[in-house]
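Let me begin by presenting the structure, written as structure tokens, before commenting on it.
Chain lettering (A, B, C, D, E and F) follows the sequence in which the chains are written, and residue indices restart at 1 in each chain.
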Amino acid sequence: MVYIDMDVSLLLDNLRTPAILFFGLGVFAAIVKSDLALPQPIPKFLSVYLLMAIGLHGGVELMNSDIDTSVVLILLAAVVLSAVTPIWSFFVLRLKLDVPNAAAMAATYGSISAVTFITANNFLDSLNNPDPAYTPGGYMVAAMALMESPAIVAGVLLARYFATPAKDDASPQALPQEDRGKIDWGELMREAFFNGAVIVLVGSLLIGIAIDKKGWESIQPFVYTPFKGVLCLFLLDMGLVAARRLSDLRRCGPSLIAFAILSAPLHALLGIGVAWLLGVGQGDALLLAVLAGSASYIAVPAAMRLAVPEANPGLYVTMSLAVTFPFNITVGIPLYLAIIEALWA
Amino acid sequence: MVYIDMDVSLLLDNLRTPAILFFGLGVFAAIVKSDLALPQPIPKFLSVYLLMAIGLHGGVELMNSDIDTSVVLILLAAVVLSAVTPIWSFFVLRLKLDVPNAAAMAATYGSISAVTFITANNFLDSLNNPDPAYTPGGYMVAAMALMESPAIVAGVLLARYFATPAKDDASPQALPQEDRGKIDWGELMREAFFNGAVIVLVGSLLIGIAIDKKGWESIQPFVYTPFKGVLCLFLLDMGLVAARRLSDLRRCGPSLIAFAILSAPLHALLGIGVAWLLGVGQGDALLLAVLAGSASYIAVPAAMRLAVPEANPGLYVTMSLAVTFPFNITVGIPLYLAIIEALWA
Amino acid sequence: MVYIDMDVSLLLDNLRTPAILFFGLGVFAAIVKSDLALPQPIPKFLSVYLLMAIGLHGGVELMNSDIDTSVVLILLAAVVLSAVTPIWSFFVLRLKLDVPNAAAMAATYGSISAVTFITANNFLDSLNNPDPAYTPGGYMVAAMALMESPAIVAGVLLARYFATPAKDDASPQALPQEDRGKIDWGELMREAFFNGAVIVLVGSLLIGIAIDKKGWESIQPFVYTPFKGVLCLFLLDMGLVAARRLSDLRRCGPSLIAFAILSAPLHALLGIGVAWLLGVGQGDALLLAVLAGSASYIAVPAAMRLAVPEANPGLYVTMSLAVTFPFNITVGIPLYLAIIEALWA
Amino acid sequence: MKQIKRMEIVIGTVHADRVILALRSVGVTGYTVVNGVSGSGDRGTRPIDGVSGAFENSMIMSAFDASLVDAAVEKLQPTLKRFGGLCLVSDAQWVMY
Amino acid sequence: MKQIKRMEIVIGTVHADRVILALRSVGVTGYTVVNGVSGSGDRGTRPIDGVSGAFENSMIMSAFDASLVDAAVEKLQPTLKRFGGLCLVSDAQWVMY
Amino acid sequence: MKQIKRMEIVIGTVHADRVILALRSVGVTGYTVVNGVSGSGDRGTRPIDGVSGAFENSMIMSAFDASLVDAAVEKLQPTLKRFGGLCLVSDAQWVMY
């Protein structure tokens, strides 16, 4: 009873943050078929801004926090989570999907959503909890930065290793015989590590570490102060885009939707379990849960269209963007925190 | 004499605000045929930002002000003004224009220009007048939000009800016989109420009401603090666009231009009269004048191209953007305030 | 020894400013062939913002500083520098290039790079030197504004005066006989003085002069406070663009690259010499050096494509963007300051 | 390579959805859309002037079998009549792969 | 459907106005412009690299009566000669409505 | 005017570089690229939805001598097979200047 009460109040707190309200506005606009749109390249610009801002802030925080073994363990856990979740996901997804689609979807769910991470941070902030355990460490941004690439590598390796002619694929021709199992490691590494989103995030993190206090203060009015407002604008667009994709869900089938909804809390629980084992605070635990439970819709799709073109982005982007993302930012985040509070109590 | 002096000093005050100076810079650049441009979708992005900012701020202010009968009456007056001004405008315009063009132009002039409203707010602010009657209430944003849709509905109804074969229309074929009088209410409501500009404005207003102090403070550095600077950039573009349209004026004819210039102060006087009857302060009165006297160039044109495609946007957008808008932000605003000060004295 | 030590520490200081680190990140991303990009019109938007911001701030500073003869002399020196450096550059470049290409390149190097100027300002700021001679005057922005147009005029006049059939030009047809020597003065003036970049810079400078304290304070949160952060984002893109052009260098040949690298410190020395003669402070001297030593990649290329279309932008834009710009912002700025400190000591 | 017809339509962006619906209704599911296009025609010049999007055009290109042309044209006529625009049909060869 | 000619011109965006003036001068008032186009030709590669707009191209498509082609080409020649670019002419059918 | 072939390719923007390399490898150095294109084909609809760029298409237009068509098509086949897309070839006349 207590837990449920807590959950509902957390849920309401979360739903009343400006960012989530703007997400809702975007969803509403799409549902009533409004012509509202933020055309490209504005969303791309905003997403580069958000990655740059979160990276810089994380780097600066990292410099101000003590790096001890537990931090190293968290980073390690993050890498392992993002490399391992694609594997079991792949085999589950293979029940319904051909190899390329299962591999691309697995990579998508192994990786992370930076905006979900940011929203969780935002939510923690809005709770105003004085307990320092509720303030996540700057190293969590580093954890996030480390979780994009392993998932991409895992996905591509799965696709190559199990390559067979595609079966659900709409294209008349599947992966040509000579491509099976063949891996262009140079290209793979480039897509996994030098992806635009990865570069901005990791680069900004490193720059955040490199600059001094004066440097940070000089750029803070752009990369930190207006951050939460920009997030609102971005989530307005995400709401539009996610809801406009809802019509594609029919073509995806109920089992995939079930995967998209269930894998989020399942992976989040895995993250919570790891956090519990490592004995970190509630703030860090929530962020690890969110990293594990979220799915990529920027970095991984870009990599998959290059590396696993046989997979249909209409499946993996739709699932991640129109199902898992809204679930996480509305219900997921407060739910995971309620679980953490119950466990940590 | 006194009034005229006051007017001139108000006019000069207005012309020296940064926003108006940037508008002038844009006009100058267009006149000297500079290649300066802010290409799409930057202006669209800026206009979504401005609507979001004004809506949020209005919502927050609304929560902090007492809602009494006079507020309800102002909102009602706003709706009535925007529904009624198109009707008389239509019949006046019919002297020169065919039904679709007269209806689209009438809707344009019944509706409002958010940027003119913002500029008037900006101007009130720059006066630094300590009298609280000079600070308009947050409900004025609500009044603005309520004035887009009635004008659109009125315009479409006029176009359908009086539908006859177009006469000045350049297209070889006019509204097909079977379309006359037929009204697709669902589509009409969508265009009137779920228009992108309306959704952002009304949605942000509601979000401004919904969020708490902490929420507002978290987004204020993005949606409030830099607002006036962004307005400068937007007005620079408006100046470019308005002046580049000046060449289209030749094709519009002197009677239309006369309508565009005269209807602004006429409608504004109507707004001032209503404000006087309601006994509101000078700030609210100026904003009501500006709402009544301004014409739309974003929401209504978008709706008219869909609902009254027979009308020529080269007429109604040009009038509103290249004549009424510059008139209002340079001469109109200080003029209306001078009249108000004379009446309220 | 002392000078070299100083230089290295200044160099390191410069390389650790956030803006330069983001430039490096962009270069890195381009080198590893990342798909990172800030698509148009975002960079255009950012560059209009930067010009507007620097212009406004310069105008406001100008109003607060005493205008004496030395200021007038600096402005005069700036104009002369930008009109004269193209002339000797033209004759040097003629050794390797045909007339149109030499003239366009000469104009490019006579003109200035606003971002280099901003970066130098940024660098001076980051030094935190209490000596007021290290704080440049607002009139330096005026000096910059005055240096675009003379170089363009000089370049076009050189191209017209020495017009001969192009020799290295890839186009099968050179400047038609009847065009030689003929100068359309109206068009030339428009390209030189009403160029988008020139209009925004000069216009913002004048607006900065025209507005009062209250006006400046109302827009400062947009045009001043976040300025250094926006510069980081812009330099990230500049790094990408500059490094992606490196591959074009092969086609340019070693003598051109030598010109691009050597002319920067040479022209800067000229600027330092003039500054020394005028007896200005170290801050002003550095900015004059940077103005003289930098080359244009926005205003002048736009003007040259119109006025000297026979010239290949692949030459002059590449040299200025991929060689001179990176040289100046990384090594040049601290080098020029070290020289100034040695001379002024 | 297969001989097909290439249809090219320019119309206001706000009306582009109707064109796509018309094409789909006759069985054409392949098309490409270029947004942010400006132009001039019987209904005047449509600059992309940045404030009101009311003037923006879209260009829609679709390649399909010659047998579908008449049906597609018939479905498109009412939209073109009502909202204006340009519709061209030309011959092309489709590279099969 | 009416048999017409479809002209397609690619040229630097800064020179596109001259092309439109040339077309208008021979009585062609219908055209469509796609901005933000990149390309490669005799004068090298023109990336849209975001800092300098000097490299950007525009594509202009115009459909008109075959009788106007010669006049249009003649008017366009000096601009193409001076500023470079591509000009193609092909056959198409105009769907009348 | 010279009789040539006009090739038009629509493909995911992330794969456009391969198309250009294929064209260059057979000696075609003139082409024009339109980015930010959306569409629908055998592989479903590709909206430009603003968050993930994974769906964006590019349109590549290239005019060249008819003798190069076969070689170009042969070089393009593997890319089209692997990544999907549309490739049309039509006749046009090149205005020489």
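Simple rule for what comes next: a contact is a pair of C-beta atoms (placed from the backbone, for glycine too) under 8 Å apart; a residue touches a chain by one contact, two chains touch by 3 or more.
Since the model is a prediction, treat every value here as computed from it, not as a measurement.
A.B. asks: By CA centroid distance, what chain is farthest from chain F?
C.D. replies: Most distant chain from chain F: B.
A.B. asks: Going by C-alpha centroids, which chain is farthest from chain C? Tell me that one.
C.D. replies: Farthest from chain C by mean C-alpha position: D.
A.B. asks: Interface check for copies chain A and chain B. Shared numbers divided by all numbers used: above half gives same, below half gives different; which is it?
C.D. replies: Chain A vs chain B: different; shared/all numbers falls short of half.
A.B. asks: Find the geometric centre of each of chain C and chain F from their Cα atoms only, then give the gap between the two centres in Å, rounded to an integer.
C.D. replies: Roughly 38 Å separates the two chain centres.
A.B. asks: Between chain B and chain C, tell me the centre distance in angstrom, where each centre is the average of that chain's C-alpha atoms.
C.D. replies: Roughly 41 Å separates the two chain centres.
A.B. asks: Provide the C-alpha centroid distance between chain E and chain F, rounded to the nearest whole angstrom.
C.D. replies: From the centre of chain E to the centre of chain F is 19 Å.
A.B. asks: Distance between chain C and chain D based on Cα centroids, please, to the nearest Å.
C.D. replies: 45
A.B. asks: Name the residues of chain E that each touch 2 or more other chains.
C.D. replies: Touching at least two other chains: 14, 34-36, 42, 48, 81, 90-91, 97.
A.B. asks: Which residues does chain A have that touch at least 2 chains other than itself?
C.D. replies: Answer for chain A, listing residues that touch two or more other chains: 35, 37-42, 44, 173, 225-226, 302.
A.B. asks: Tell me, which parts of chain B touch chain C in their complex?
C.D. replies: 16-18, 21-22, 25, 28-29, 32-42, 122, 125-126, 128, 225-230, 232-233, 236
A.B. asks: In their complex, what parts of chain F are in touch with chain A?
C.D. replies: On the chain F side, the touching residues are 12, 14-15, 36, 42-56, 78, 81-84.
A.B. asks: Within their complex, state which residues of chain F touch chain D.
C.D. replies: Touch residues, chain F against chain D: 8, 10, 34, 36-42, 48, 57, 59, 73, 76-77, 80-81, 86-91.
A.B. asks: Which residues of chain E touch chain D in the complex?
C.D. replies: 1, 4, 6, 20, 29-36, 61, 63, 90-95, 97
A.B. asks: Enumerate the contact residues on chain B facing chain D in the complex.
C.D. replies: Residues in contact with chain D: 37-40, 42-44, 47, 170-173, 175-176, 179, 237-238, 240-241, 244-245, 297-298, 301-302, 304-306, 309, 312-314, 317, 321.
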